[in-house]
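Quick heads-up: structures coming right below.
You will see chain A twice below: alongside chain B first, and alongside chain C after that.
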Partner chain A sequence: MKFNRRQTLAGLTALLGTAAMPRLSFAQDAGVLRIGALNPITGAGAPYGSGMQKMILQAAKLVNDAGGAGGRTLEVFAEDTQTQPQAAVLAAKKLIEVNKVNAILGTWSSGISLAVMPLTNEAGIPLFNTSGAPALSVAPANEKHLGYRFQATNDRFGRAFAKIAEKEGFKRPATMAFNNASGIGNTEGFRKAWEANGGEVVASVVYEPSQPSYRAELQKVLDAKPDVIIMGSYLADTTVILREWYQTGEENKWIIPAWAANPKLAEALGPDVVEGIIAVDSISNEGSPAFAAYDAAYQEALGQPGLSNVYAAMTWDMVIVLALAMEAAGPGADIAAITAKLHEVAGPDGTKVSTFAEGKEALKSGPINYEGASSVLDFDEFGDVTPDFSASVFTGGEAKRNYIVKI
Partner chain B sequence: MEAYLIAIGIFAGIYLLLALGLNLQFGMTGLINFGHVGFFCIGAYTSALLATNGVPVALSLAAGGFAAMLAAWPLGVVSIRLREDYFAIASLGFSEIVRLVVTSEGWLTKGVQGIPGIPRIFPGVSSQMQSMLMFGLVMVLCLLAILAMRRIVKSPFGRMIEAIRDNEEAVRSLGKEPAGFKMQVLLLGSLLAGVAGGLYAHYIGYISPDQFIPFITFQIWMAIIMGGVGRISGTVAGVIILMTFLEGSRFLRDVAPFIPEVAMASIRLGVIGLALMLFTIYRPQGLMGDYTKR
Partner chain C sequence: MTGFAELLFSGLMSGLIIGLAGLAVTLVFGIARFSNAATGDTMTLGAYGALVGSAFTGSVILGSLIGLAAGALASVVSYLLVFRPLQGRSPISSLLASIGLAFFIRAIIGLVFGHDQNVFQLDIVRPIKFAGIRIQPNDLKFAAVAISTLAVVFIILHLTPIGRRMRAVADNPLLAKVSGISPRPVMLALWSIAGAVSAIAGIILGMKTVVSPESGWEMLLPAFAAAVLGGIGHPIGAIVGGLLIGVAQELATPFVGFTYKIAVSFIVLLLVLLIRPKGLFGRSEGVR
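== the complex of A and B ==
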């Protein structure tokens, strides 16, 4: 097949034409509240992104099936952040300007949330995120108090690490952190909490991602003879580090966030290596009816247990909390009035509810407290949540929950 | 909708400044610069840091451009005499070094936390006005850059760098030293990249090291290759094509509503990739490419 110049040009013009002439729908339907699902479908967040987006769609469907909220149904517009700030900014612009969404839900990774938040602030709409960076709580990022965070801050994770290390009786902790905001946030949060208690961190190392070996960094930490190493890490690097650590024959313990110390890690390394590792996680509110509802939806949509994606539990809660706030604000309320109700419906006072339908019913007779799938969801004045944390210990290749820490 | 188009326009303008610099370096001089994003990063950080510490934005933008130019100088001194593909490696390494320095020197750059709250260029106007003014500024700067490029191409300097691109040995045999000219080209391109970086930082309002990955460099490369290497009109066309592919594909679901929402993201990237490949297959010299020579 051979194209001549004219044909190629004509073809290209047609292609560009179709791309430039989408069917744009400007009309705001009074019976519909538009929300944007802005999730990391591709890029570094890809393992979580699809699940997060699917749960937003599922939860919105559930709300609509229950007759909508505040007399309106939800319409979801989905976009991909590509886990890249530039792409996320343009995607958010499109959601805000073209789709006229009233809220953006589910940004992952602090770099993305921090880049998108100025846009949502400008538009006066809330941004629900799942990022850990402390900067997201305060001005300038959150100057308008429109940022709501469904994930524990890195600081809180650090505090949980310190509590657990204290409880386990460790004396000489060292830290290793993946060089990004979240990794360092975890270990620095630990250091702050630990030193506030009069402890001392014997060594800290920050390492660059995607190295074939971390022997040098590991050796530097091990030279300080720690009795436990606190990690701010991800799965890939943790796998390499633990393998190399096992080869050294050292006997220190590990405290690792559960997104890194998960069943896949045990699978990759074998039960001997991971034996005794303490995995720390913010507890999805497992055992709660909200979690059961989320879990069922997640199983159905992705064929995996809901526990495998804590972020999807958060995006699930985002939709339900928003819908409950819409219901509480009443028909025709604008987004500012709805946002003002978020604190109220999420608790801590009022009748405990765990699904949208339940909450809608209970709202008729008084204030409610939505206890979510991801945590009990009580926002503080910064729009942050404080979940409980669990410490699980690997025995025989499986993580068994030992105890729960409240911070 | 207008505000979205303006946002695209601003990004396109920033990319155009980057692409014009790269086109000067590669398209006209044959300098394979794989580290363009490094200068972009330096410009962004310099301008952001100065502006957050109270320096007027007009000054900080200019300082960003000069800082990028200044950073290009040592790179040029040590590597401009390398044969073209070796320079590509050196420059790629340079941009990664810049990113790592920015990541590690937390006392200055706040490291991986990034710099939030970078002031806007036009203080005290509504956000809509802000975007309009920003768009205007970017367009004016692009226009100035294009005019400058046109002058360069027509000048003796322009003929000289094209001669360097076409046959460096011949230039040398005529008694001219290519290294000096290449250095000037490198500095000029970096200046543009630095200014683009400053504009980017003030527009986005938040920068962190993970925004300055080599991927940006290659996006710019894609633009100038699609538009037509060595042509100013080609650079402009290339940036427009790139942005059309990137942003137009977001509306794929409006014309093909049967695609599930979540699958859309992956399909979109696939479509962009396919479009780029088809483009280079059927239009190897770019849209505005020079078809008179092979």
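== the complex of A and C ==
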């Protein structure tokens, strides 16, 4: 029997394939906990995604260098969501089925977190996200209480918007929302808080993405003569809307989430158009020792200040909180037992700690309270946190922080 | 009433962009006989070409001409490397290849230019008021460019020898061949025209909105809809189809709201196809 080159190659490949298979499916060694870093490396979240991923890797390295958590080290598998739900679902499937991860960390944008959560629920593993949609708090999305949110909910953003609008003395607000859970969550959160205070919203519009023009949408809002327009939007649509608004010559003010009203917006439109826009952001736990540790790691990995990426501070905290929960749950604990410890290690009671090493040490003598880099990180019953917010005003093309709002 | 007129105008502007993209789709379909899913990404490529061109030359007009050339060139190259080898196979092969090509172009653009949005630095100007209607001077310029593009395409198709040959091939490829029309120059002309038209659509879209690697791809569905609505393979039909879709979307908004305006354009498409399955201008295709 003779083999030609092609048959030999085919045979060898098949052999290699079968040899690799058991490794893929059964290589679940006891000393490692696998986590998936599922971040928006490309697409609309790209300005934040790489930093988010690098901070997961960096924090995991820190945990491993400190001798691991609960007798185990962390192994990170990184995937790109492309900031698209379809791609994110495929990547999550791969992480769960092929890499057998025990937790997925760092999904950005609500559409993606909402799409991935059924998969993580099905697999019985937690999903740590940085998205705002109110729907992520409750059933059906969070029926198993496996979703943990490190970002403020859009509802909380809306409350912050209402506080700021009140402080600035606006009387006739209108809203414009990108048609998704996050955009509408922002403006509806605002409406609820504003109307609870006896105010009235004079007009509201929900618009579709990727339109060649938003003039009709804008016109409807402007016809109500608002003194401020509250946005639930993203960068690209905000760019088009503000350009068209400026061209109408109207002079109302704007309150816009900072993920849309960022330096890129000023760069695209020029200082005159963005002058006076109020950009609202949830802020990291600046000034805390945990933030200082994160900031140093971010500077080293990306050469930029940690302040430039609030989401990276969140992913940093995700790894540390997970590792602390592993440590608290003890060696050999399964992911359900680890998840059950999350509230405990982050919650308001216990010794305050700011790093993993500190927490690991303090856990020997009693309960701990990890005060994170992104917020003080006290999860409520829905797994949500309440950070503070900043209001920045654009002057001369640059956003300068004016004041901080607590809700 | 002025509100209505402004909606109409804004619908016409959106419609012109959709129509130009639809024209590129329909030209390729009429002659090469498949739906080119890379049309959207050729638009994006043209817009990026124009961005780079404007940065180099300092002039948006010169830059746009460079973008136009980039679109035409990319289109011809994709014909030579991808679609010519697939000629004679089922149109499905070419369609699938064009989807692959679309991903390829988008990925390259993402790699080279990143995924952040880019904008054309155009002067922001106040609108002129005409009978109470606010009109953007830039929109008038875009409309002029779009209409002259259409004029040039129709002049090429109807008044030049190569255009006559293109129409002959579109009409009956076999008969054209036996009449001694060589397919190669026809195909090269077709692909460069389709590429240039896509690029112009992409550049205008980019100037009105923002340029990102996904911007053209997101226009593909409306472009296909315009081509189908007008009767696929029919150039005037694509333009009329695009305008109809744009105007229907905008004019419906006072009644159905902004969230459902896209659905309205597809309802129009459905209705037209129910009454005239071959599209507005299409001829019914008999057995070949």
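Assume the second predicted complex is superposed on the first by the 375 of 407 C-alpha atoms of A that agree within 3 Å, B and C clash if a C-alpha of one lies under 4 Å from a C-alpha of the other, contacts with A are read in each partner's own complex, and residues count from 1 in each chain.
Everything that follows uses one rule, which is that contacts are C-beta pairs under 8 Å (C-beta built on N, C-alpha and C of every residue); 3 or more make two chains touch, one makes a residue touch a chain.
From a predicted model like this one, the values you see are computed outputs, not experimental measurements.
**Student:** Looking at the overlay, does A:Pro212 come into contact with chain B only (first), chain C only (second), both, or neither?
**Tutor:** So A:Pro212 only meets chain C here.
**Student:** Quick check on the superposed pair: does A:Tyr246 touch chain B, chain C, both, or neither? Answer first, second, both or neither.
**Tutor:** After superposition on chain A, A:Tyr246 lies in contact with chain C alone.
**Student:** So, does A:Asn179 touch the first partner chain B, the second partner chain C, both, or neither?
**Tutor:** In the superposed model, A:Asn179 contacts both chain B and chain C.
**Student:** Contact-wise, after the overlay, does A:Gly270 reach chain B, chain C, both or neither (first, second, both, neither)?
**Tutor:** Once the two structures are laid over each other on A, A:Gly270 reaches chain C alone.
**Student:** For A:Pro47, decide between first (touching chain B), second (touching chain C), both and neither.
**Tutor:** Touch partner of A:Pro47: chain C, not chain B.
**Student:** Which partner does A:Ala236 contact after superposing on A: first (chain B), second (chain C), both, neither?
**Tutor:** It touches chain C, and chain B stays clear.
**Student:** See if chain A has more residues touched by chain B or by chain C, and give me that chain.
**Tutor:** More residues of chain A are touched by B.
**Student:** On chain A, what residues does chain B touch that chain C touches as well?
**Tutor:** Overlap of chain B and chain C footprints on chain A: residues 42, 179, 208.
**Student:** Would you mind writing out the residues of chain A in touch with chain B in their complex?
**Tutor:** On the chain A side, the touching residues are 3, 8, 12, 15-16, 18-20, 22-24, 26, 37, 41-42, 49-50, 53-54, 57, 76, 78-80, 82, 84-86, 89-91, 93-94, 96-98, 110-111, 114-115, 117-118, 122, 133, 135, 139-141, 179-181, 183-184, 208.
**Student:** List the residues on chain C that touch chain A in their complex, please.
**Tutor:** Per the stated touch rule, the residues are 3, 6-7, 10, 13-14, 17-18, 110, 114-119, 124-127, 134, 136, 205, 208-210, 212, 214-215, 218-219, 246, 250, 253, 257-259, 261-262.
**Student:** Mind listing the chain B positions that touch chain A in their complex?
**Tutor:** Contacts found on chain B: 1-4, 7-8, 11, 100, 103-104, 111-114, 116-117, 127, 204-206, 208, 210-211, 215-216, 241, 244-251, 254-255, 261-262, 264-266, 268-269, 275, 279, 282-283, 287.
**Student:** Quick check on the complex: what are the chain A residues that touch chain C?
**Tutor:** Going through chain A, the ones touching chain C are 42-44, 46-47, 179, 205-213, 215-217, 219-220, 223, 235-236, 239-240, 243, 246-249, 264, 268-270, 272-273.
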